[in-house]
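Look for chain A in each of the two complexes below; its partner is chain B in the first and chain C in the second.
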Partner chain A sequence: MTRLNLSLAALALLLATASLCSDPAGMLALWQRSPEAARAILIELRLPRALLALAIGGSLGLTGAAMQGLLRNPLASPDVLGPSTGAALGAVIVAYTFGIAGTLAMALGGIGGSLAALGLLLLLSRGGASTATLLLAGVAISALGGALTNLALSLAPSPYALYDVLFWLLGSLADRSLLHVAVALPPLLIGCALVLSGRRGLDALALGEDVAASLGVDVARLRLRIVVGTALAVGAGVAVAGSIGFIGLVVPHLVRPRVGGRPGAALMPSALAGAALLCAADLVVRLPVAGHDLKLGVVTALIGAPFFLWLIVRQREVIEP
Partner chain B sequence: MLDVNGLARPPILAPLSFSIAAGELVGLVGPNGAGKTTLLRALAGLTTGPGTVRIDGTTLTEMPARVRARRLAWLPADRGTVWPMRGRDIVALGMMPLGVRDEAAIDAALAAVDANGFADRDVQTLSTGERARVLLARALVARPELLLLDEPIANLDPEHRLGVLDALRGEAARGAAVVVALHDLDLAAARCDRLLLLDCGRLIADGPPDAVLTAATLAQVFKVRRDETGWQRA
Partner chain C sequence: MMRALAAALLVWSGAAAAAPTRVVSLNLCTDELVLLLAAPGQLASISFLGADSNETALAPRARGLPTNNGRLDSVVALAPDLVFTGGGSDRYARELAIRLKLHVVDVPPPQNIADIRRNIASVANALGRDAAGTALIAQFDTALGPTPAATRSALLLGGGGTTAGADGVGAQLLRHAGLMQQDVPAGQVSLEQLLAEPPQVIVQTKYRSSQASLGQSWLQHPALRSLPPTTRTITVDGRPWTCMGPLVAPEIARLRARLQ
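The block that comes next holds the complex of A and B.
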């Protein structure tokens, strides 16, 4: 278990270092010509990018694993159940009101939207709704959030605003500053800590909410903790990096066989694997493809979706031989 | 040890009262829909409603959740599991209220229900009866004072039915109060100290098996009778 965590942490750090040190020859040449410029690129462009990739990838892996554990369903994830689309909607509304440069306002909008989506989900789950109901409600909330975001896009005040927001929605870590890190990191880390504190409760939930309750777990409090933590982490992440799909859905599936299927034990490795995966995806994005800029959210979906399909087919072979 | 007074869960359970002593193995019998599961859930403190349940004089609802979890274990009739967990990790969940994980206790609980072979197997790959035994071991592992078991032998083969009832007798012998919902009336009569007969949410009879499972109650409640060839519909 700890060995798994250590090796995943090492992998994530290695990829983050690769992100900092990409194009070493060019950087070295620049350093000899102008050390200030090289330092500025490293500290003000590459460092925020690497830090955000680690933090956002980690939070997506973690919250995906937590939502799957909470809803006892391998299809749950922030981008399927509403918090991601809610955050995108909140941030888009704020972007139109204050402009896309209002980092703090965007973050607050993202957290607000994410909380609203999950709050609605919680409200619907009062009185002990089944996880199937919750899952369906989450999908509906996510669809509503997506539709409202599209409505907001079609009401864009200007073509430039539309262009800005559309590209931001596709997900990217390019041109983010240390200010973005400073704004996103506190809510993101608090959210992750909240989610991680539910580790033992999630293990007990493996046998259902009633068994967990009979084992002394306060299921309502556990649910609140994970929902609020997810809203904070996902909201802050989406606000600075746009929508990045599939990490939260796929990573827990990669990790689960290595932790004996225990949902609580899957949290930490999912966070570390998510961090490594987003760092890797962000390296792929920077490969020059016919002079075009690839978008991070597009790359994670392009890799994540076929991989998830392969997982489903493989699991079917196991479940229905 | 367990005192139940005026416990009701409308519209399923009418008010009922009974007591169970430590060391007693009590069978809960009744046709489908009689209220056995609802009664066990209420005894485990999973639902609220009229009436009181006391364990050694302390009302269940006034007990902190962690304390309650240490004193009683509840096994649902549902045998489903979601994640590909190993048998021993499932059983370890039963030790959560104690705040420790004792591998020797886990092995002992698995051995008690002849499930050692499943300790390191993914429970999703087990048959329903095999999984049922692992889930039962989860309820036994912390050696609670009160065991509330919903049809623990429902999916088991004849040998393991007897094995599990022997294990429950062992739990009673160490001083636990055991309440077990059963559909096998022969085994209930042969192995339990006492039976509670439920029908339509009412407690119809409470006493030694011979006194509870009379020809009259069998015909009236279960709509069956017994002749020299076996069970027949009444």
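The block that comes next holds the complex of A and C.
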């Protein structure tokens, strides 16, 4: 483990601990008054919250870095290219069209939707589509997924389905349980492992497909591995925490300059930085703002959107000399 | 002053005109009022929610009645002589009503218990059914009963942690069951808040509990098993809390009976 990885891991763990220990005075008072309630808050509410923040933030950073490496484009990320909206659509259809709002069913729906969105993207990329075409196709798939999600909600038996899901779509880790952790973590970790196993291939791919092939990298298999891994990780994460945007987009850019621009080497630090960033964002949403709870997706978008704009402007400067 | 003037105008117009015979209601809350107050044959259409037994206990009474989607343009073809809206309509609908010279009576959501009585009276009056209105108000007051002196802290709890404001009409109604609604910011309680400051009574609504939703999953969170034994959970129908109209009084009476 490099020094960068170690320090990022330490930061993520520190922020996760802060998440567990927020409001220490209040918790201590509650412990004396009602140890049972304090225990439930710590073990059944804050522990899953911190674990999910680490796991989901990590998977978003990791898959974002992998997609940017695979497509060799800095604008690629799960929330831009469709797997996130695909996952939301899958989970909504399972919960509101088929009426199974169980955690496992929604996670399976999320993974299915995410796979479908990425599968469609891969299908379009056959025959060597340019990355610009792929990005545009991803944006279109994303828009289609969003529209279909709203359609599924409008057609749901309950007239308040849209209202029910609105907050979930904005992303939140509040009031999750250990069951959510138990259901989401296995596919999420398997997905992350699949993506991580492609790190050498991604480094080779950065030199071009032909060079990668001559170095013994099976590009088609590498692509499949990263797509399936991303679908598993993002699908499970979205089904539990809703759509959390911009982490997958922003984090790889923060990390890449520190690893010499190698996409494969950027994977692990992106995962750790993503975990730290989502933990930090989840601490921010718990700051009381005039008595209202902020939503996680709102906070990550508030950080991510200006960064995205800056990225676009800087890219233009590079393109237009 | 304006309210009194409007009420006076209503009384006058009600007295001057014959009772309407093609009445349309565009909102669940006015559906409930017209289903309770209208004479047989007076109603031409109610909203689709008023015919949904997930929403109101009065749905069986709506059997056979045509339903509308809640928009004014969907009922114009019925040539209604009285249209009830609940809490205002959009500008387009208001302009349409003026152009078509439709008689629209708006019934705003109640802000306090007196508003509930006032809404009953205004709907009854517009229908030309003042006597039915007076009777329903008397029934409402009997069911609601006096405010007991002893109070317990309470939380009205729906799916996803939705609750009532501490100074709204919901809290005023709960007081008639001897319950003092906790002050929760933004009308939504988190599980952490609930465990840290548990009320003595949780009034949990069964509203659409048979339909899968994230809100319903929230109510099954394992952390809720760690509520202290001093907290009592009482499950109520839940449907009357959407409108907090005349049907909420029997709900309060049932709640009070179970608390005693």
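The rule is simple: the second predicted complex is superposed on the first by the 300 of 321 C-alpha atoms of A that agree within 3 Å, B and C clash if a C-alpha of one lies under 4 Å from a C-alpha of the other, contacts with A are read in each partner's own complex, and residues count from 1 in each chain.
What we mean here is this: contacts are C-beta pairs under 8 Å (C-beta built on N, C-alpha and C of every residue); 3 or more make two chains touch, one makes a residue touch a chain.
Predicted model only: the values in this text are computed from it and were never measured.
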{"item": "Superposition on chain A - do chain B and chain C clash or fit", "value": "fit"}
{"item": "Degrees between the directions from chain A toward chain B and toward chain C, using C-alpha centres, nearest 10", "value": "150"}
{"item": "First (chain B), second (chain C), both or neither touched by A:214", "value": "first"}
{"item": "Contacts of A:164 with chain B and chain C, given as first, second, both or neither", "value": "second"}
{"item": "Which superposed partner A:72 touches (first chain B, second chain C, both, neither)", "value": "first"}
{"item": "Greater chain A contact set [chain C / chain B]", "value": "C"}
{"item": "Which of chain B and chain C A:206 touches, first, second, both or neither", "value": "first"}
{"item": "Partner chain in contact with A:26 - chain B first, chain C second, else both or neither", "value": "second"}
{"item": "Which superposed partner A:310 touches (first chain B, second chain C, both, neither)", "value": "neither"}
{"item": "First, second, both or neither for A:39, with chain B first and chain C second", "value": "second"}
{"item": "Minimum C-alpha spacing, chains overlaid - chain B and chain C, in Å", "value": "42"}
{"item": "Of all residues in chain A, those that touch chain B in their complex", "value": "72-74, 200, 203-204, 206-208, 210-211, 213-218, 256-257, 260-263, 319"}
{"item": "Touching residues (chain side chain B, partner chain A) in the complex", "value": "41, 44-46, 65-66, 68-70, 72-74, 76, 78, 80-86, 89-90, 93-94, 96-97, 122, 124, 135, 138"}
{"item": "Complex contacts: residues of chain C adjacent to chain A", "value": "49, 54, 159-161, 185-186, 188, 190-192, 195-196, 198, 208, 211-218, 221-223, 225-228"}
{"item": "For the chain A and chain C complex, residues of the former touching the latter", "value": "26, 30, 34, 36-37, 39-41, 44-46, 95-96, 99-103, 157-161, 164-165, 167-168, 174-175, 177-179, 288, 291-293"}
